[in-house]
Amino acid sequence: MANVIDSDVFLAFSTYATIAILKMMLMAPLTAYYRITRKAFSNLEDTHMAKTAEEKKRMLQVNEDVERIRRCHQNDLENIIPFVLIGLLYTLTGPDLSTALLHFRLFVGSRLIHTVAYVMVLPQPSRGLSWILGMVITFSMAYRVLTTALLF
Amino acid sequence: MANVIDSDVFLAFSTYATIAILKMMLMAPLTAYYRITRKAFSNLEDTHMAKTAEEKKRMLQVNEDVERIRRCHQNDLENIIPFVLIGLLYTLTGPDLSTALLHFRLFVGSRLIHTVAYVMVLPQPSRGLSWILGMVITFSMAYRVLTTALLF
Amino acid sequence: MANVIDSDVFLAFSTYATIAILKMMLMAPLTAYYRITRKAFSNLEDTHMAKTAEEKKRMLQVNEDVERIRRCHQNDLENIIPFVLIGLLYTLTGPDLSTALLHFRLFVGSRLIHTVAYVMVLPQPSRGLSWILGMVITFSMAYRVLTTALLF
(Lines give C-alpha, C1' and ligand atoms only; values in the text may rest on other atoms or scores of the structure.)
Protein backbone atom coordinates (compact mmCIF):
# COMPACT_ATOMS: atom_id res chain seq x y z
CA MET A 1 0.00 0.00 0.00
CA ALA A 2 2.91 2.31 0.77
CA ASN A 3 3.97 1.71 -2.85
CA VAL A 4 0.63 2.92 -4.17
CA ILE A 5 0.37 6.15 -2.22
CA ASP A 6 4.07 6.94 -2.52
CA SER A 7 4.13 6.80 -6.33
CA ASP A 8 4.44 10.27 -7.82
CA VAL A 9 1.73 9.61 -10.40
CA PHE A 10 -0.70 8.59 -7.67
CA LEU A 11 0.05 11.70 -5.62
CA ALA A 12 -0.47 13.84 -8.71
CA PHE A 13 -3.72 12.02 -9.47
CA SER A 14 -4.96 12.50 -5.88
CA THR A 15 -4.26 16.22 -6.08
CA TYR A 16 -5.89 16.91 -9.44
CA ALA A 17 -8.84 14.55 -8.86
CA THR A 18 -9.57 16.26 -5.53
CA ILE A 19 -9.34 19.72 -7.10
CA ALA A 20 -11.73 18.69 -9.89
CA ILE A 21 -14.23 17.18 -7.42
CA LEU A 22 -14.06 20.24 -5.14
CA LYS A 23 -14.74 22.50 -8.15
CA MET A 24 -17.77 20.34 -8.96
CA MET A 25 -19.02 20.44 -5.35
CA LEU A 26 -18.77 24.24 -5.25
CA MET A 27 -21.55 24.41 -7.85
CA ALA A 28 -23.98 23.44 -5.05
CA PRO A 29 -23.36 26.48 -2.80
CA LEU A 30 -23.37 28.60 -5.97
CA THR A 31 -26.83 27.19 -6.83
CA ALA A 32 -27.97 27.96 -3.26
CA TYR A 33 -26.65 31.53 -3.60
CA TYR A 34 -28.56 32.05 -6.88
CA ARG A 35 -31.72 30.45 -5.42
CA ILE A 36 -31.64 32.85 -2.44
CA THR A 37 -30.77 36.02 -4.38
CA ARG A 38 -33.23 35.20 -7.23
CA LYS A 39 -35.83 33.87 -4.74
CA ALA A 40 -36.35 30.78 -6.88
CA PHE A 41 -36.74 27.44 -5.07
CA SER A 42 -38.01 24.00 -6.02
CA ASN A 43 -39.36 22.83 -2.64
CA LEU A 44 -42.39 24.29 -0.90
CA GLU A 45 -40.70 24.06 2.53
CA ASP A 46 -37.92 26.37 1.28
CA THR A 47 -40.34 29.27 0.80
CA HIS A 48 -41.13 29.77 4.51
CA MET A 49 -39.96 33.40 4.38
CA ALA A 50 -42.79 34.23 1.96
CA LYS A 51 -45.69 36.09 3.56
CA THR A 52 -48.53 35.24 1.18
CA ALA A 53 -49.55 32.11 -0.70
CA GLU A 54 -49.08 34.03 -3.93
CA GLU A 55 -45.52 34.95 -3.00
CA LYS A 56 -44.81 31.28 -2.18
CA LYS A 57 -46.06 30.29 -5.61
CA ARG A 58 -43.90 32.91 -7.31
CA MET A 59 -40.85 31.61 -5.41
CA LEU A 60 -41.40 28.15 -6.92
CA GLN A 61 -41.11 29.36 -10.51
CA VAL A 62 -38.16 28.26 -12.62
CA ASN A 63 -35.40 30.87 -12.82
CA GLU A 64 -33.08 30.86 -15.82
CA ASP A 65 -29.99 31.95 -13.83
CA VAL A 66 -30.48 29.07 -11.36
CA GLU A 67 -31.05 26.61 -14.21
CA ARG A 68 -27.82 27.69 -15.89
CA ILE A 69 -25.79 26.88 -12.75
CA ARG A 70 -27.62 23.55 -12.43
CA ARG A 71 -26.82 22.66 -16.06
CA CYS A 72 -23.15 23.47 -15.41
CA HIS A 73 -23.25 21.26 -12.28
CA GLN A 74 -24.86 18.44 -14.28
CA ASN A 75 -22.19 18.75 -16.98
CA ASP A 76 -19.56 18.43 -14.25
CA LEU A 77 -21.20 15.22 -12.98
CA GLU A 78 -21.21 13.85 -16.53
CA ASN A 79 -17.53 14.68 -17.16
CA ILE A 80 -15.57 15.00 -13.91
CA ILE A 81 -16.75 11.71 -12.37
CA PRO A 82 -15.72 9.68 -15.48
CA PHE A 83 -12.36 11.51 -15.42
CA VAL A 84 -11.75 10.52 -11.78
CA LEU A 85 -12.84 6.89 -12.26
CA ILE A 86 -10.92 6.30 -15.49
CA GLY A 87 -8.03 8.42 -14.15
CA LEU A 88 -7.69 6.07 -11.17
CA LEU A 89 -7.48 3.02 -13.45
CA TYR A 90 -5.09 4.93 -15.74
CA THR A 91 -2.85 5.78 -12.76
CA LEU A 92 -2.66 2.07 -11.89
CA THR A 93 -1.38 1.24 -15.40
CA GLY A 94 1.86 3.01 -14.40
CA PRO A 95 2.13 5.83 -16.98
CA ASP A 96 5.07 8.25 -17.17
CA LEU A 97 4.78 11.06 -14.65
CA SER A 98 5.11 13.75 -17.32
CA THR A 99 2.45 12.20 -19.57
CA ALA A 100 0.10 11.72 -16.61
CA LEU A 101 0.60 15.30 -15.42
CA LEU A 102 -0.15 16.57 -18.93
CA HIS A 103 -3.48 14.69 -18.88
CA PHE A 104 -4.45 15.78 -15.35
CA ARG A 105 -3.49 19.45 -15.80
CA LEU A 106 -5.16 19.84 -19.20
CA PHE A 107 -8.34 18.24 -17.84
CA VAL A 108 -8.57 20.44 -14.74
CA GLY A 109 -7.73 23.51 -16.85
CA SER A 110 -10.38 22.64 -19.44
CA ARG A 111 -13.06 22.24 -16.75
CA LEU A 112 -12.15 25.56 -15.10
CA ILE A 113 -12.50 27.28 -18.49
CA HIS A 114 -15.78 25.38 -19.08
CA THR A 115 -17.23 26.63 -15.78
CA VAL A 116 -16.19 30.25 -16.42
CA ALA A 117 -17.59 30.06 -19.97
CA TYR A 118 -20.88 28.58 -18.67
CA VAL A 119 -21.46 30.85 -15.67
CA MET A 120 -20.26 34.06 -17.36
CA VAL A 121 -22.24 33.26 -20.57
CA LEU A 122 -19.14 33.63 -22.78
CA PRO A 123 -19.86 33.35 -26.51
CA GLN A 124 -19.50 29.92 -28.10
CA PRO A 125 -17.37 27.97 -28.98
CA SER A 126 -15.52 28.64 -25.67
CA ARG A 127 -17.79 26.34 -23.68
CA GLY A 128 -18.04 23.74 -26.44
CA LEU A 129 -14.29 23.50 -27.04
CA SER A 130 -13.39 23.25 -23.34
CA TRP A 131 -15.99 20.46 -22.98
CA ILE A 132 -14.55 18.57 -25.99
CA LEU A 133 -10.98 18.93 -24.67
CA GLY A 134 -12.01 17.35 -21.36
CA MET A 135 -13.75 14.47 -23.18
CA VAL A 136 -10.69 13.84 -25.41
CA ILE A 137 -8.37 13.67 -22.37
CA THR A 138 -10.60 11.12 -20.64
CA PHE A 139 -10.84 9.08 -23.88
CA SER A 140 -7.02 9.16 -24.14
CA MET A 141 -6.68 7.74 -20.60
CA ALA A 142 -9.39 5.14 -21.31
CA TYR A 143 -7.47 4.05 -24.42
CA ARG A 144 -4.37 3.35 -22.30
CA VAL A 145 -6.44 1.44 -19.71
CA LEU A 146 -8.04 -0.73 -22.39
CA THR A 147 -4.81 -1.46 -24.26
CA THR A 148 -3.10 -2.36 -20.96
CA ALA A 149 -5.93 -4.39 -19.46
CA LEU A 150 -7.87 -5.74 -22.43
CA LEU A 151 -7.47 -9.45 -21.90
CA PHE A 152 -11.07 -10.43 -21.42
CA MET B 1 -2.98 -5.96 -2.10
CA ALA B 2 -3.59 -7.98 1.07
CA ASN B 3 -2.28 -4.93 2.94
CA VAL B 4 -4.83 -2.65 1.37
CA ILE B 5 -7.92 -4.73 1.98
CA ASP B 6 -6.81 -5.89 5.44
CA SER B 7 -6.36 -2.38 6.82
CA ASP B 8 -9.10 -1.49 9.28
CA VAL B 9 -9.63 1.95 7.77
CA PHE B 10 -10.14 0.39 4.34
CA LEU B 11 -12.66 -2.13 5.67
CA ALA B 12 -14.52 0.67 7.43
CA PHE B 13 -14.46 2.75 4.25
CA SER B 14 -15.76 -0.18 2.16
CA THR B 15 -18.64 -0.69 4.58
CA TYR B 16 -19.78 2.94 4.84
CA ALA B 17 -19.20 3.74 1.16
CA THR B 18 -21.30 0.72 0.15
CA ILE B 19 -24.09 1.67 2.58
CA ALA B 20 -24.14 5.24 1.22
CA ILE B 21 -24.23 4.03 -2.41
CA LEU B 22 -27.00 1.49 -1.66
CA LYS B 23 -29.05 4.24 0.00
CA MET B 24 -28.59 6.35 -3.16
CA MET B 25 -29.57 3.44 -5.43
CA LEU B 26 -32.76 2.80 -3.45
CA MET B 27 -34.06 6.18 -4.63
CA ALA B 28 -34.61 4.58 -8.06
CA PRO B 29 -37.13 1.90 -6.94
CA LEU B 30 -38.73 4.61 -4.76
CA THR B 31 -39.13 6.80 -7.87
CA ALA B 32 -40.63 3.81 -9.72
CA TYR B 33 -43.07 3.25 -6.82
CA TYR B 34 -44.20 6.89 -6.91
CA ARG B 35 -44.45 6.86 -10.72
CA ILE B 36 -46.73 3.80 -10.61
CA THR B 37 -48.93 4.90 -7.68
CA ARG B 38 -49.19 8.51 -9.01
CA LYS B 39 -49.50 7.29 -12.62
CA ALA B 40 -46.89 9.83 -13.73
CA PHE B 41 -44.32 8.69 -16.29
CA SER B 42 -41.87 10.42 -18.61
CA ASN B 43 -41.78 7.91 -21.49
CA LEU B 44 -44.66 7.21 -23.84
CA GLU B 45 -43.90 3.45 -23.88
CA ASP B 46 -44.46 3.35 -20.09
CA THR B 47 -48.13 4.30 -20.44
CA HIS B 48 -49.24 1.10 -22.19
CA MET B 49 -51.82 0.38 -19.48
CA ALA B 50 -53.73 3.53 -20.45
CA LYS B 51 -56.87 2.87 -22.46
CA THR B 52 -57.35 6.18 -24.26
CA ALA B 53 -54.99 8.64 -25.88
CA GLU B 54 -56.17 11.24 -23.40
CA GLU B 55 -55.29 9.01 -20.46
CA LYS B 56 -51.83 8.43 -21.95
CA LYS B 57 -51.31 12.17 -22.16
CA ARG B 58 -52.41 12.67 -18.54
CA MET B 59 -49.92 9.98 -17.45
CA LEU B 60 -47.06 11.98 -18.99
CA GLN B 61 -47.70 15.06 -16.86
CA VAL B 62 -45.14 16.10 -14.25
CA ASN B 63 -46.05 14.98 -10.73
CA GLU B 64 -44.67 16.94 -7.77
CA ASP B 65 -44.26 13.85 -5.53
CA VAL B 66 -42.20 12.09 -8.20
CA GLU B 67 -40.11 15.22 -8.80
CA ARG B 68 -39.34 15.48 -5.07
CA ILE B 69 -37.88 11.95 -5.02
CA ARG B 70 -35.92 12.70 -8.17
CA ARG B 71 -34.47 15.88 -6.63
CA CYS B 72 -33.44 13.86 -3.57
CA HIS B 73 -31.80 11.27 -5.86
CA GLN B 74 -29.98 14.04 -7.74
CA ASN B 75 -28.74 15.55 -4.47
CA ASP B 76 -27.39 12.10 -3.54
CA LEU B 77 -25.51 11.90 -6.85
CA GLU B 78 -24.03 15.36 -6.20
CA ASN B 79 -22.92 14.51 -2.65
CA ILE B 80 -22.48 10.76 -2.13
CA ILE B 81 -20.31 10.14 -5.22
CA PRO B 82 -17.82 12.90 -4.22
CA PHE B 83 -17.77 11.43 -0.68
CA VAL B 84 -16.89 7.96 -2.02
CA LEU B 85 -14.24 9.22 -4.45
CA ILE B 86 -12.53 11.59 -2.00
CA GLY B 87 -13.07 9.07 0.82
CA LEU B 88 -11.10 6.45 -1.14
CA LEU B 89 -8.16 8.84 -1.60
CA TYR B 90 -8.48 9.88 2.07
CA THR B 91 -8.37 6.23 3.16
CA LEU B 92 -5.12 5.78 1.20
CA THR B 93 -3.49 8.66 3.12
CA GLY B 94 -3.51 6.36 6.18
CA PRO B 95 -5.65 8.34 8.69
CA ASP B 96 -6.29 7.18 12.29
CA LEU B 97 -9.10 4.62 12.46
CA SER B 98 -11.07 6.65 15.01
CA THR B 99 -10.83 9.88 12.96
CA ALA B 100 -11.79 8.04 9.77
CA LEU B 101 -14.75 6.32 11.46
CA LEU B 102 -15.95 9.71 12.76
CA HIS B 103 -15.94 11.06 9.19
CA PHE B 104 -17.63 8.01 7.65
CA ARG B 105 -20.32 7.66 10.34
CA LEU B 106 -21.22 11.35 10.44
CA PHE B 107 -21.48 11.43 6.65
CA VAL B 108 -23.74 8.38 6.37
CA GLY B 109 -25.84 9.67 9.29
CA SER B 110 -26.17 13.13 7.72
CA ARG B 111 -27.34 11.65 4.41
CA LEU B 112 -29.91 9.39 6.09
CA ILE B 113 -31.32 12.47 7.89
CA HIS B 114 -31.21 14.40 4.59
CA THR B 115 -33.27 11.73 2.82
CA VAL B 116 -35.86 11.52 5.61
CA ALA B 117 -36.10 15.33 5.71
CA TYR B 118 -36.52 15.48 1.93
CA VAL B 119 -39.00 12.64 1.43
CA MET B 120 -41.08 13.39 4.55
CA VAL B 121 -41.09 17.16 3.76
CA LEU B 122 -39.74 18.05 7.23
CA PRO B 123 -39.56 21.81 7.89
CA GLN B 124 -36.28 23.56 7.13
CA PRO B 125 -33.48 23.83 8.23
CA SER B 126 -33.42 20.03 8.81
CA ARG B 127 -32.68 19.26 5.16
CA GLY B 128 -30.32 22.23 4.73
CA LEU B 129 -28.24 21.46 7.82
CA SER B 130 -27.86 17.74 7.05
CA TRP B 131 -26.74 18.67 3.51
CA ILE B 132 -24.16 21.17 4.87
CA LEU B 133 -22.82 18.62 7.40
CA GLY B 134 -22.21 16.10 4.59
CA MET B 135 -20.41 18.76 2.50
CA VAL B 136 -18.20 19.80 5.45
CA ILE B 137 -17.15 16.17 6.10
CA THR B 138 -16.17 15.68 2.46
CA PHE B 139 -14.25 18.99 2.50
CA SER B 140 -12.42 17.85 5.66
CA MET B 141 -11.31 14.62 3.94
CA ALA B 142 -10.33 16.57 0.80
CA TYR B 143 -8.19 18.88 2.97
CA ARG B 144 -6.23 15.89 4.30
CA VAL B 145 -5.79 14.46 0.79
CA LEU B 146 -4.49 17.77 -0.54
CA THR B 147 -2.10 18.42 2.37
CA THR B 148 -0.77 14.85 2.07
CA ALA B 149 -0.50 14.74 -1.72
CA LEU B 150 -0.04 18.35 -2.80
CA LEU B 151 3.33 18.17 -4.47
CA PHE B 152 2.42 19.15 -8.00
CA MET C 1 1.00 -2.24 -6.53
CA ALA C 2 2.16 -4.69 -9.16
CA ASN C 3 0.02 -7.27 -7.33
CA VAL C 4 -3.08 -5.16 -7.70
CA ILE C 5 -2.82 -4.38 -11.38
CA ASP C 6 -1.55 -7.84 -12.29
CA SER C 7 -4.49 -9.69 -10.75
CA ASP C 8 -6.79 -11.09 -13.44
CA VAL C 9 -9.93 -9.89 -11.65
CA PHE C 10 -8.58 -6.36 -11.53
CA LEU C 11 -7.70 -6.39 -15.24
CA ALA C 12 -11.19 -7.67 -16.03
CA PHE C 13 -12.72 -4.98 -13.82
CA SER C 14 -10.63 -2.25 -15.49
CA THR C 15 -11.78 -3.40 -18.91
CA TYR C 16 -15.51 -3.66 -18.18
CA ALA C 17 -15.64 -0.54 -15.97
CA THR C 18 -13.95 1.48 -18.73
CA ILE C 19 -16.34 0.13 -21.39
CA ALA C 20 -19.35 0.99 -19.21
CA ILE C 21 -18.06 4.52 -18.54
CA LEU C 22 -17.27 5.11 -22.23
CA LYS C 23 -20.78 3.98 -23.15
CA MET C 24 -22.15 6.51 -20.62
CA MET C 25 -19.93 9.30 -21.95
CA LEU C 26 -21.07 8.68 -25.53
CA MET C 27 -24.55 9.84 -24.51
CA ALA C 28 -23.15 13.40 -24.44
CA PRO C 29 -22.15 13.58 -28.15
CA LEU C 30 -25.46 11.82 -28.93
CA THR C 31 -27.31 14.58 -27.04
CA ALA C 32 -25.31 17.18 -28.98
CA TYR C 33 -26.22 15.45 -32.25
CA TYR C 34 -29.93 15.49 -31.39
CA ARG C 35 -29.74 19.12 -30.21
CA ILE C 36 -28.19 20.19 -33.52
CA THR C 37 -30.44 18.13 -35.82
CA ARG C 38 -33.61 19.03 -33.83
CA LYS C 39 -32.40 22.62 -33.30
CA ALA C 40 -33.27 22.43 -29.61
CA PHE C 41 -30.83 24.01 -27.16
CA SER C 42 -30.95 25.09 -23.53
CA ASN C 43 -28.51 28.00 -23.59
CA LEU C 44 -29.13 31.30 -25.36
CA GLU C 45 -25.48 31.50 -26.53
CA ASP C 46 -25.96 28.19 -28.43
CA THR C 47 -28.55 29.73 -30.76
CA HIS C 48 -26.16 32.13 -32.53
CA MET C 49 -26.98 30.60 -35.93
CA ALA C 50 -30.59 31.83 -35.61
CA LYS C 51 -31.38 34.87 -37.70
CA THR C 52 -34.34 36.34 -35.82
CA ALA C 53 -35.23 36.71 -32.14
CA GLU C 54 -38.26 34.53 -32.76
CA GLU C 55 -36.12 31.74 -34.20
CA LYS C 56 -33.80 31.96 -31.18
CA LYS C 57 -36.80 31.53 -28.89
CA ARG C 58 -38.05 28.52 -30.86
CA MET C 59 -34.59 26.92 -30.57
CA LEU C 60 -34.81 27.10 -26.78
CA GLN C 61 -37.98 25.00 -26.60
CA VAL C 62 -37.83 21.56 -25.03
CA ASN C 63 -37.58 18.73 -27.59
CA GLU C 64 -38.84 15.28 -26.66
CA ASP C 65 -36.13 13.41 -28.64
CA VAL C 66 -33.39 15.36 -26.85
CA GLU C 67 -35.05 14.79 -23.46
CA ARG C 68 -35.18 11.03 -24.09
CA ILE C 69 -31.40 10.89 -24.65
CA ARG C 70 -30.87 13.02 -21.55
CA ARG C 71 -33.04 10.68 -19.44
CA CYS C 72 -31.02 7.71 -20.72
CA HIS C 73 -27.79 9.55 -19.82
CA GLN C 74 -29.15 10.33 -16.34
CA ASN C 75 -30.13 6.68 -15.84
CA ASP C 76 -26.55 5.74 -16.76
CA LEU C 77 -25.19 8.15 -14.13
CA GLU C 78 -27.52 6.62 -11.54
CA ASN C 79 -26.52 3.03 -12.37
CA ILE C 80 -23.09 2.84 -14.02
CA ILE C 81 -21.26 4.99 -11.45
CA PRO C 82 -22.52 2.84 -8.50
CA PHE C 83 -21.48 -0.27 -10.48
CA VAL C 84 -17.94 1.07 -10.94
CA LEU C 85 -17.55 2.22 -7.32
CA ILE C 86 -18.97 -0.94 -5.74
CA GLY C 87 -17.26 -3.07 -8.41
CA LEU C 88 -13.87 -1.65 -7.36
CA LEU C 89 -14.48 -2.57 -3.71
CA TYR C 90 -15.83 -5.97 -4.83
CA THR C 91 -12.67 -6.58 -6.90
CA LEU C 92 -10.55 -5.90 -3.80
CA THR C 93 -12.42 -8.59 -1.82
CA GLY C 94 -10.68 -11.14 -4.08
CA PRO C 95 -13.61 -12.93 -5.78
CA ASP C 96 -13.19 -15.89 -8.16
CA LEU C 97 -12.35 -14.75 -11.69
CA SER C 98 -15.28 -16.64 -13.23
CA THR C 99 -17.81 -15.21 -10.73
CA ALA C 100 -16.43 -11.71 -11.19
CA LEU C 101 -16.51 -12.00 -15.00
CA LEU C 102 -20.13 -13.16 -14.82
CA HIS C 103 -21.04 -10.02 -12.84
CA PHE C 104 -19.10 -7.64 -15.08
CA ARG C 105 -20.30 -9.11 -18.39
CA LEU C 106 -23.96 -9.32 -17.38
CA PHE C 107 -23.86 -5.72 -16.13
CA VAL C 108 -22.29 -4.30 -19.30
CA GLY C 109 -24.65 -6.39 -21.43
CA SER C 110 -27.70 -5.24 -19.46
CA ARG C 111 -26.74 -1.58 -19.87
CA LEU C 112 -26.16 -1.95 -23.63
CA ILE C 113 -29.65 -3.46 -23.93
CA HIS C 114 -31.02 -0.69 -21.71
CA THR C 115 -29.56 2.00 -23.97
CA VAL C 116 -30.86 0.38 -27.16
CA ALA C 117 -34.30 -0.08 -25.57
CA TYR C 118 -34.35 3.56 -24.42
CA VAL C 119 -33.04 5.24 -27.59
CA MET C 120 -34.96 2.99 -30.03
CA VAL C 121 -38.18 3.28 -27.94
CA LEU C 122 -38.57 -0.52 -27.72
CA PRO C 123 -41.79 -1.64 -26.00
CA GLN C 124 -41.65 -2.30 -22.28
CA PRO C 125 -40.61 -4.36 -20.33
CA SER C 126 -37.32 -4.47 -22.32
CA ARG C 127 -36.02 -1.26 -20.74
CA GLY C 128 -37.41 -2.06 -17.29
CA LEU C 129 -35.96 -5.58 -17.14
CA SER C 130 -32.50 -4.56 -18.34
CA TRP C 131 -32.48 -1.80 -15.69
CA ILE C 132 -33.49 -4.26 -12.95
CA LEU C 133 -30.82 -6.77 -14.04
CA GLY C 134 -28.12 -4.11 -13.71
CA MET C 135 -29.40 -3.14 -10.23
CA VAL C 136 -29.45 -6.79 -9.07
CA ILE C 137 -25.84 -7.33 -10.21
CA THR C 138 -24.64 -4.26 -8.32
CA PHE C 139 -26.60 -5.38 -5.22
CA SER C 140 -24.96 -8.82 -5.49
CA MET C 141 -21.48 -7.24 -5.50
CA ALA C 142 -22.45 -4.92 -2.62
CA TYR C 143 -23.59 -7.96 -0.62
CA ARG C 144 -20.15 -9.56 -0.97
CA VAL C 145 -18.39 -6.29 -0.03
CA LEU C 146 -20.54 -5.92 3.10
CA THR C 147 -20.19 -9.55 4.24
CA THR C 148 -16.41 -9.35 3.70
CA ALA C 149 -15.86 -5.93 5.25
CA LEU C 150 -18.70 -5.49 7.75
CA LEU C 151 -16.75 -5.13 10.95
CA PHE C 152 -17.75 -1.65 11.98
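First chain written, first letter: the chains are A, B and C, and each begins at residue 1.
Simple rule for what comes next: a contact is a pair of C-beta atoms (placed from the backbone, for glycine too) under 8 Å apart; a residue touches a chain by one contact, two chains touch by 3 or more.
None of the values given here were measured: they were computed from a predicted structure.
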Per the C-alpha fit, the turn needed to bring subunit B onto subunit C (nearest 5 degrees) is 120
Same or different interface residues for subunit A and subunit B, judged by whether over half of the residue numbers are used by both? different
Dist(centroid_CA(subunit A), centroid_CA(subunit B)) in Å evaluates to 17
Which subunit C residues sit where two or more other chains touch them? 4, 77, 81, 85
Okay, in this complex, where on subunit B does subunit C touch? 1, 4-5, 8, 10-12, 14-19, 21-22, 24-25, 28-29, 42-46, 48, 73, 77, 81, 84-85, 101
Partner subunit B, residues of subunit C touching it in the complex: 3-4, 7, 67-68, 71, 77-79, 81-82, 85-86, 89, 92-94, 118, 121-124, 127, 135, 138-139, 142, 145-146, 148-152
